[in-house]
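You will see subunit A twice below: alongside subunit B first, and alongside subunit C after that.
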Partner chain A sequence: MAYSDKVVDHYNNPRNVGTLDKSSQEVGTGLVGAPECGDVMRLQIKVNPETQVIEEAKFKTFGCGSAIASSSLATEWIKGRTVEDAMAIKNTDIVKELALPPVKIHCSVLAEDAIRAAIGDWKKKNGVAENAPAAVESAK
Partner chain B sequence: MATVTSQVEVPAGVTLPIYMDNHATSPLDPRVLEAMMPFFTNKFGNAASRNHSFGWEAEQAVETAREQIAKLIGASAKEIIFTSGATESDNLAIKGIAEMYRERGNHIITQVTEHKAVLDTCKRLEKYGYRVTYLPVKADGLIDLDDLKRAIDDKTILVTIMAANNEIGVIQPVREIGKICHEKGVIFHTDAVQIIGKAPFNVIQDNVDVASLSGHKIYGPKGVGALYVRRRNPRVQIAAQIDGGGHERGMRSGTLNVPGIVGMGKACEIAMQEMDTEAAYLRGLRDRLKEKLESALDYVHVNGSWEHRLPGNLNMSFVYVEGESLLMGINDVAVSSGSACTSATLEPSYVLKALGLGDDVAHSSIRFGLGRFNTQAEVDYVAAKVIDIVKKLRELSPLYEMVKEGIDLTKIEWQAH
Partner chain C sequence: MLKIVDSAVPVACWSCSVARNASTLFCPNCSKIQPPATGDYFAVFGLQPRLNLDLDALEREFHRLSRRLHPDRFARASDSEKEWSLADTALLNDAYRTLKDPLKRTEYVLKLHGAEIGEEHSGNRQDPSRAPADLLEEVFELNMQLEEMRMARQMGDDDPEAAKSLSEAKRKFEGLLQEVDRDLRAQWTAWEEGGDAQRQTAQKQMVALLDRRRYLRNLVRDVTETLGD
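Moving on to the complex of A and B:
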């Protein structure tokens, strides 16, 4: 299978690889996928409690090149966004950006899930209701 | 910033890309090409043309090839039927025997790690009222002979079990299987594609009745194969599956692929002469590759029996690294993976799963298929490159990090998707 240049670029130079302190109040961790399915993504965010802006995003992924690229791109996109804004990222945006073929769409779905799981974890830690808008209006 | 790009130096004398996928197909030996060339040009006759020199010339060449092939497997030339390849040979053997011996019984025995050409043929026969037993394999990939003995009943007409597996290179106890079949009066067919020219295989000593052979796995051309059909003790009969001009003693009609057949014959002749030295050479390369990988990396293991294995096969899992991402990192080396992402069905290798390996381990597997034209310098480069990329991908792997922290991955509630 031929990979798009963008997938190859993210694979060769993955952005934001790493680990944040899981126990920190400001850090949300999303772990999605399963080893037996051949892909596991862990995406972590560090959120500024004042502004709700995602100041740090890190990932580690076990999976194919497209899964690595999808999660790498996801961290790039959410960094600097507010939590609310990050929730707006759709897997179809990732598919488009990376020119993923149909068999690799599930990689983008997993990346979207990872973003949501990380934000969900952060919300839970910080007592923000799952569905409630997390944005603090005054902070904007 | 982390980077997966490899900086491994290419040693002198190594040209990229490196081909190390010889179970899939093998390059044509230049000596084979040389033998074939005249049959593409001035020696173009139809081997079935009985009344002119063009036909005689082609027929003579075909008969020479028949003898070369027969000699490699200990058969006589009359027992070799030419086909378009081993998939056709498997189909012809299994369907042809099932049809011919229908009155004697309807039970066929095979095993779970067979090639799809055998498994899917058996599945089709099930639709037509045949009963098929799929024997399991042990963790080393070998069948249990007691399972086979127990599976044979008075309706069993055929046992079809491959000689060597195409993914893990594991060699089945063919001689013992054949012996059991002969004691019970059951025909024994074996898909011998991977074993011929690589490890000893003799239809008489190994009690084989019918064997599928291929040209392109032994440095011959694609599009040509053969079926060995025993003519005495017992005489095996096969119902034709392709009707027409009655070629190949009525078992397989169709104008013979003369250049292909000449090439397969020549490939068998070379294999016969060089197998012993070549096997030792390949074993040396393969062991070198394995040792280098094992000494530099943790959480790697060989899939399938090490003892009963083709000399050129190394199937290894690099746990916590997904196979397709590893292939992407070593894209100047041609190998295969058991990862789902590399298969058309998006399912991980059924062969590795049959060994009892978890899907996660199957996803992490790479098959190295060493062949005649691989060199030690290539092995050294491939080893260095794989080590480099596995280490980099493990820096990216949440699973490797978790295991290193002492987390038991089996205790985590994964969200399968």
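Moving on to the complex of A and C:
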């Protein structure tokens, strides 16, 4: 199986690899795994408390090229979006963008799960209900 | 997706027309070779589908059938028979490799019973219990350590302390791997001898154990690679 050019590009030049301060109030951390292959992925976001815009996104993935590319792309996409907008990203968008073959779809699922887990963690930290629209000390 | 073919449904032998079991590679009546079997891997060997498998019987049957399928025996056979002998040999080898390995056998049997295992079952939302958080944390941390050590090595800096803690981690994860394998075997018996409810529980447990095992297997592989032993 050959990787698409976009996967190879993200694999060779992964965007936003790194770590954010897990203990910071503004940082949400999502750690997820793909039991099918044993890959693990950590995605972190730093959210501006005023605007709820994701200002920073970092990831660290131990897994195959598709998993690395999926998480790299995910951080690119969520940066600059509001938390609610980021929730709208679907794994199928990632599949399309990276032209992932069927056996690698789970890598994109992992990236979507990681986004959701990171946002979920941030919401929990900031006392936002899981399903409620994110509104920390909402401006009236 | 694998399908379970009822091996009790007979098909007619192409040569002598006597009804035979669709899973056998040779006609029990006229002994002629048959096209590749349509049943499950166990039926190829005439064995009951069991997790606690009689490995001696499996090996005996494998060698016996391999001999019967040897190309020399088909030198003067028809083109169809020659073709079948090759296809049957490929099937026999796949079946043997799958069944003799305890993990592959477990995955195979669970798949026959509808468990969604493997990379093709990806789009489905996973049961969150399949990725226990504490295991993930541990796996992630060890991967970070491994990467640090690899980078230090590239800089020509070999830290004996790091190597020591990695060796310890490797032993620990190998131990966990063995634990998973023991737990799996315990579930085999529960699955085979229990009632419906027990069987379902055992199946779930086995799927979870196999998931856990993949994380651990990757770790042990990567630690071993980094330590270079």
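A few points about this structure:
Throughout what follows, the second predicted complex is superposed on the first by the 130 of 140 C-alpha atoms of A that agree within 3 Å, B and C clash if a C-alpha of one lies under 4 Å from a C-alpha of the other, contacts with A are read in each partner's own complex, and residues count from 1 in each chain.
As a working rule, contacts are C-beta pairs under 8 Å (C-beta built on N, C-alpha and C of every residue); 3 or more make two chains touch, one makes a residue touch a chain.
If you're wondering where the values come from, they're calculated on a predicted model, not measured in any experiment.
Steric overlap between subunit B and subunit C is present once the structures are superposed on subunit A. Within the superposed three-chain model, A:Cys64 lies in touch with subunit B and out of touch with subunit C [touch as defined at top]. Residue contacts after overlaying the shared chain place A:Gly127 against neither subunit B nor subunit C.
When both complexes are overlaid on chain A, the residue A:Arg42 reaches subunit B and subunit C alike.
In the superposition on chain A, contact of A:Leu31 is made with both subunit B and subunit C. Between subunit B and subunit C, more residues of subunit A are touched by B. Within the superposed three-chain model, A:Tyr3 lies in touch with subunit B and out of touch with subunit C [touch as defined at top]. Judged by the touch definition given at the top, the superposed model places A:His106 against both subunit B and subunit C. The clashing stretch of subunit B relative to subunit C, chosen from 239-247, 257-265, 329-337 or 347-355, is 239-247 in the chain A superposition.
Where the contact sets of subunit A with subunit B and with subunit C meet, they give residues 31-40, 42, 60, 62, 103, 106, 109. Against subunit B, in their complex, subunit A makes its touches with residues 3, 8, 11-15, 17-19, 31-42, 60-65, 67-68, 103, 106, 109-110, 113. Of all residues in subunit A, those touching subunit C in their complex are 31-40, 42, 60, 62, 91, 102-106, 109. Across the interface of their complex, subunit A is touched by residues 117-123, 125-126, 130-131, 133, 135-137, 139-140, 143-144, 147, 210-212, 214-218, 222 of subunit C. If you check the complex, the residues on subunit B that touch subunit A are 1-5, 320-322, 324-325, 328-329, 339-341, 346, 348, 358-360, 363, 395-401, 409, 412, 414-417.
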